[in-house]
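You will see two complexes here that share chain A, one where it goes with chain B and one where it goes with chain C.
Showing the complex of A and B:
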């Protein structure tokens, strides 16, 4: 057996760190989820109560479903809005691309809390949007739907996650050789046909990366729904937070966390499986080897 | 065997019906014109090559015919129909790209079928794809993906994809330039053969003079966005219209001189080698600067009609012979020799001025 170190062995320390960093807490959670709380003390009496409750309780299932839906909806909406933006960016002159990156990422530098309070100012009853609408005479009284509703959550989740979607599609779009589009046109494809037959298939890897990132980020989002979503802003994350904290039900919190993780993981795996069956993704990813 | 000085036109494409006509084509990028007033006629079934150094505008012309570039001035007429404002997808013209531009996510067969599947209700797509792949000897590779093919194989697929819809005109943009020498020579033969069989006109862009000569009925030599000369290869070689063409096409010794007398088909020119009378281009003015073009193969060791003494300054081994450079006075003469003399040796060489050519000095 050879002990020679190859370049790929350089990845071992980091892989170990990441692997243990992800696995150790998960193992802890698994253990916690089958323990019992006795008088505000976690004791190692094995019990399936938390898991039974996770499966039978409508609340928990609802929260997990809501997280998945929120993640999926945000991913789809940002993909639809972000795709044309990314394509347009890929066609900018090089100097303007730098400007575009800065503009695209600036909102992310401001911090989540700042952004959330900024949204309150913009969308509130005496906020910017209502002031403009009233000034134009379009509404008689402030629109209530703008703030503390599911609409608000959706809007802000879309806004927060759009840069990640645009960036990943953009990278993919930059790698599509313009001559392939010319070849398609030359062979009789109208611009829209060239898009669907060449550009879209070859940008699926970027689209997929964006969808995975945004899905995970939006599904796990807690602050935006709780601070802007009003009474409809309950999330699985907030529930886990309160179960660990005020409720001191660590087994239930652990079971819910693991359940949410399993659901997210399952959805992402299914999506990855479906995307890799697409020819465009296979062509791009297969060539990279 | 040398091309005679006044070669007859090898093929008479002028006799065939005119298919593509380009008039006064101008294309500017910024202020600099890439194409500056070009007229071209591509007859039916012709193999026309646009030849020139990089940046001479040849690819721009091709892209304008394909519809990827909008001309700033001029007209393109194909089969009597103006092409102005017609997008690439509606032109009966297909392109073989320099980089092949095969769709990486489609198999070879799907690549070739691309244009047929875009049109609704094209019958026998499979049969036609098979025929096109057959024509380029790639029938066995239909299920492969482009990245599984060699450069030469990809080039063949690109050709099959471009001919499957039977275009009126096939445009080829340096299609062989990415291949090694042997593959290139091999595919040149195949392309020429294919063009004859299909009976489609080819407009071919290259910077490789040998390739242009091997393939073309008509070669259009380009310089700085303009046509320097348009002729069949033999005429181009034997009767270059200018110093630029004489220099760009093949090897030659170019001697500067001044025109002493100009007839309809010959001129007398005063050069460093003395006064020489040789066939010439038309329209040389007495007193004007001109260039005496001496191809290596008309120079021979030993005395000739014009006998010169010189010193061997270089000998480049080329296989079956060597190319020898002999310094005569202030100029260097090239001649082929089966056994090369030693560098530094004094030699006697001869040539027949009647086989030289006098052309204009366009510097």
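Showing the complex of A and C:
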């Protein structure tokens, strides 16, 4: 490079933006978590009260565990459903791929609240599913389990996050060299063997990225569980929100948020570590380097 | 295309569009109660919508917020992707992780933390804070989109341009940028889309600004109403229209370019590099 300032120096303004926008607020959480609330005013008197409460209270631990479980379950379900969809998309004729992206992403254009609302119309006592079931004579009275239960939360979390999982796996699947599959077939592998020995290993980076992303997105979701989950819809996020807004207990809100983040990233790093040890991931990432 | 693949795609499309179709059906249903069986066709919910002033202003606000978010997302995403794929970047992994932080941290945690920070600095909650926070969340998506194209580009083209005497800026503008057009358009739309669909960030940072999602959320919490359906269908139709229009424009240009390249390809680089 003849110039002293190169392309790589663009990293500096970007890092500043992310630093001020995301890292600074997270540092504020750390600071506020050891402050004290005095008569609805946050004062810098150091206290470990919030952290002690976080560790000793069963409620908080339960809520964090629930968030992790919900994230993990959504990630696994979307991966199982999304994988065949992504493979099918990769086989589309090129001219159709642009259309497929639009079809896949359009449901995301609707706001979070709209999707929640639309599912109420589908799953409610007088909704589509119950109307069809009653019309077919399969049930005598509306199924109550469809709406305001953990089932609803799971279904809608899957719905909200499926496009991200599909996109992520799809990108990986597009990069698989088709000649490798043909070579496997020529060497006598049955289609199912070619899938497990060639396609699946080579798409592990996309699968890993999808699981990572969906895990983070689903575990931190607040609106879907609280508006559709019924009595079981209490989440760590809703708790943080009410500690922040209604209770004005900012130290506790900060401590709980940090606890949730620590648990989330602990699990995510573990998953990443395990997936990066797989042979396929190493082959793909090694080639890219 | 095998038959199984087609069946999988059909099933996925039905799952993704079922709620939206039901939403649309009820927006034409002649009853304030949203229940099956349907009771006849009407356009009165759309008429009510057209008369609702708070929806109008909400729609305008959302639109005005989404455009700068799209632009900023595109520019910052491009910068991040260029840096991330640049030769000789130290701390590459750390930088990549840093760019992904706003995506990995749950939006609500991030927004609450930002609101706490804003309570102590000169920037107030409001349109500017909202635009910056929504951009921050969209930048990881844009970075991934643009980097994915950048790593696949033939870097020998850049080297060739430099060897032929192009300045770094010329080689960027004339060689790199034309190949990134699609990815940049994608980055812009991701910013706009995430901004329009966002409710969480707006809940904590919008201040007195009232984007459509906040207005709708306060209405939805109270009751289900057909005119809200009508509005969602209208918004959805509009976005689909924009997407389809831009996609067909892109295709048309691509087709013209292919036709144009077949004629005198030799004269083009000369006029391109002054």
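Convention: the second predicted complex is superposed on the first by the 285 of 289 C-alpha atoms of A that agree within 3 Å, B and C clash if a C-alpha of one lies under 4 Å from a C-alpha of the other, contacts with A are read in each partner's own complex, and residues count from 1 in each chain.
Just so we're on the same page, contacts are C-beta pairs under 8 Å (C-beta built on N, C-alpha and C of every residue); 3 or more make two chains touch, one makes a residue touch a chain.
Fair warning: this is a prediction, and the values are worked out from it, not measured in the lab.
Novice: Determine, for the superposed arrangement built on chain A, whether chain B and chain C clash or fit.
Specialist: fit
Novice: By the touch definition at the top of the document, which applies to A:234: first (chain B), second (chain C), both, or neither?
Specialist: A:234 contacts neither chain B nor chain C.
Novice: Quick check on the superposed pair: does A:113 touch chain B, chain C, both, or neither? Answer first, second, both or neither.
Specialist: Once the two structures are laid over each other on A, A:113 reaches chain C alone.
Novice: Spot which of chain B and chain C makes contact with more residues of chain A, would you?
Specialist: C
Novice: Contacts for A:133 in the overlay, against chain B (first) and chain C (second): which applies, first, second, both or neither?
Specialist: neither
Novice: Just checking: does A:187 make contact with chain B only, chain C only, both, or neither of them? Give me first, second, both or neither.
Specialist: Once the two structures are laid over each other on A, A:187 reaches chain B alone.
Novice: Minimum Cα separation, chain B versus chain C, post-superposition (Å)?
Specialist: Minimum C-alpha separation, chain B to chain C, in the superposed model is 15 Å.
Novice: Quick one: which bits of chain A touch chain B in the complex? Just the residue numbers, please.
Specialist: 177, 179-180, 182-190, 193, 197-198, 201-202, 279-280, 282-284, 286-287
Novice: If we count contacts the way the header does, which residues on chain B are in touch with chain A in the complex?
Specialist: Within the complex, chain B contacts chain A at residues 66-68, 87-90, 93-95, 97, 99, 101-106, 114-115, 118-119, 145, 147, 161-162, 165.
Novice: Which bits of chain C are touching chain A when the two form their complex?
Specialist: Listed in rising order, the residues of chain C that touch chain A are 1-2, 4-6, 8-9, 12-13, 15-20, 22-23, 26, 33-37, 76, 79-80, 82-84, 86-90, 95, 98-99, 101-110, 112-117, 120, 132-133, 136, 139, 148, 151, 168, 193, 196-200, 212-213, 216-217, 220-221, 224, 228, 232, 235-236, 239-240, 243-244, 247, 250-251.
Novice: Spell out the part of chain A that touches chain C in their complex, as residue ranges.
Specialist: 1-3, 6-11, 13-15, 17-19, 21-26, 28-29, 32, 81, 84-85, 87-89, 91-93, 98-100, 102-122, 124, 126-128, 130-131, 159, 162-163, 166, 171, 212-213, 216-217, 219-223, 227, 237, 240-241, 244, 250, 253-254, 257, 260-261, 264-265, 268, 288
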